[in-house]
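As written, the chain order gives the labels A, B, C and D, with residue 1 at the start of each chain.
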Amino acid sequence: MIFWRAIAAAILLVTAPALLAGEIPPDARRSGYSFMGPDTRAMQDDDTSNPGMLFVLDGEALWSKKTGDAGKACADCHGDARSGMKGVAARYPAFDKALARPVTLDQRINLCRANHQQATPLPYESRDLLALSAYVAHQSRGISIAAGDDPQLKPFVDQGRDLFMQREGQLNLACTNCHDDNFDKRLAGAPITQAQPTGYPLYRLEWQTLGSIERRLRSCMSGVRAQAYDYGSPELVALELYLMSRARGLPMETPAVRP
Amino acid sequence: MVRSPVHIAALIAASLACSAHADELVPYTIVGDSIPQSLTGAPGDAARGRALVLARTTTCILCHSGPFPETRFQGDLAPDLTGAGNRWSASQLRLRLVDASRFNAETIMPSYYRNDGLVRVGRNFAGKPILSAAEIEDIVAFLATLRD
Amino acid sequence: MPTTRRQFLSLAGGVTVAGTIPIVTLRPLEATPAMLTTAIRNVVGEAPIRTGRVKLDIPPLVENGNTVPMTVSVASPMTAADYVKSIHVFNEKNPQPNIGNFYLNPASGRAQVSTRIRLADTQKVVAIARLSDDTFWQVMADIVVTLAACTEEMN
Amino acid sequence: MPALINVPAKAKRGDIIEIRTLTSHIMETGFRHTADGRLVPRDIITSFTCRYNGTEIFRADLFPAIAANPYLSFFTVAKESGKFEFEWMGDNGYCSTASASITVE
């Protein structure tokens, strides 16, 4: 009896993805959507009133627009995004063999521009980059997040996790202090979420525009009075990667709407 | 770390006299679980303290709630401040504001009077405590009045 | 309460949780009740304003004052003989008291308009309808605006 | 600037139909200041008009209190097949148009 239990336990240990201390178990993971009021949910739910869809619309036009010295459009290599890009964003950030590190969807778009279109990179948070990234990620809407599975990503996921656990700033708080330990409580009037990155780039009412997860992370860092990492820095990429792997199984919502 | 009160008084006097660098903290003496002496050498102003507790910039109200009927949005991450003056003496409150991590290394309550051992502090905050000695004293004076 | 008031749309977010570096200068941006009254009188003139017939759907607790969904509807048959000519929406505490004017006609079929508005703070919103007989009807709502706990510094 | 227009493709004569529009615009209020104290000039859409086969059926005056990327929904009676034309006008000579068609049976 004890023997069988031991085996069962051993099997559980091997098959269940190792859950690190303090992490939210898969069946308790909740999108930021579930923390919102009915009016903000309604804004996200209806594509004809979701302001993020304006950017998706822009992205759709950019997808087939020829650009750069090569005079090529995204569509010239990738074809119809609705089939070709389906599920792609749910696997990002992904490992890039040539660079030997993970790259975000934004970085992948700019790598494509540099390598295949011979075009200048689009600046972080620029309308065109957000629009393209929203258009690509929108093709994964409803698909479960599956980022971080590639074993080559392991050290980068670990780095992101360490950063998530690292106290920083004058207020000396780590992401985990709020988003693992205190979600569902209220910081002043605002509910604390689990920080599941299911809908990026997303339309934040506070911003009144679409923004990337990097912008959101930087604003949290400012919140604890820490020096925010630069856009595209290895730290922000690692954090995004960890957050996406932490959200595994949750469906993508791009473009989400959040307060 | 324990210094004689006379020595501290002298230091405070010195810092007032030559208006010490803003980033320097007033030294304090911990006795048991308290800091018995006012950081400024004078009692704080409870009315100013109440305003500070309610100001979002000092961050208290983001996590704590309390007997503040006019303030709509109060946090619930940390204990209600109602009755804080019954539970703690002014000296105990002072140390809890200055460095709550002394009682629990895992606490989410920031150490409000500390400027070292922190990671990646934002440019505009580097080397400064969250609250000044005078602000700490005002808040201590106010919290001490919160009796059930 | 200047310490808790959010600025009317701070630039790209504005201040941190700490209210550290005000990116946008704090100014007395609040409209006064007198400004609200003036704005209303500019539309209504000296006509009396009755309460009723107008419905204002707006969340009583707003998650972010930068984008607040709002629907105004008026009980009206919307016939050539009896219809809503216009709907006017005002606020109490934004820098400017006007929000929007909406012009309808019998062909509208239903006297209902939705939009998204900005509310700088917890305040009153007033919606006034002008009917085809030039009577004015109003409704008032108190809206509580949640202040963002963390906003970002401008980079 | 792109706009999202939602008009039913088909309707029965006499139906009351909802029209929804969402357009890209910053709606800069004119009340904000930069860190060095300069006023950010106002840049908003000030008026919106909808015409149904040439006849104005809805018009709005917009103020700085309208949120960025203005959303408007309103109603009209479907009376004949044809075209809805939308026009947004604003500060600095801003003008943007869109259209949608409907089949009325």
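As a working rule, contacts are C-beta pairs under 8 Å (C-beta built on N, C-alpha and C of every residue); 3 or more make two chains touch, one makes a residue touch a chain.
A quick note: this is a predicted structure, and the numbers were derived from the prediction, not measured.
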Chain A and chain C have mean C-alpha positions lying a whole-number Å distance apart equal to 35
The distance between the C-alpha centres of chain B and chain C, rounded to whole Å, is 41
Chain A to chain D, mean C-alpha position gap in Å, rounds to 32
Multi-partner residues in chain B (2 or more other chains touched) are 56, 59, 62, 72-73, 122, 124-125
Where chain A touches two or more other chains at once, the residues are 51, 170-171, 187-190, 208, 222, 225, 228
For chain C, residue numbers touching 2 or more other chains are 9, 16-18, 20-21, 66-67, 146-147, 149
Among line, ring, star, complete and other, the chain contact graph is other
Pairwise, the chains that touch are A-B, A-C, A-D, B-C, C-D
In the complex, chain C touches chain A at residues 9, 12-13, 16-18, 20, 59, 61, 63-64, 66-67, 69, 146-153, 155
The answer for chain C against chain B in the complex is residues 3-4, 16-21, 122, 144, 146-147, 149
In their shared complex, chain C is touched by residues of chain D numbered 16-17, 29, 31-35, 37, 40, 52, 55, 57-68, 70-77, 79
In the complex, the residues of chain B that touch chain C are 51, 54-57, 59, 62, 71-73, 122, 124-125
Touching chain C in the complex, chain A uses residues 36-40, 42-43, 51, 170-171, 187-190, 205-208, 215, 218-220, 222-225, 228, 259
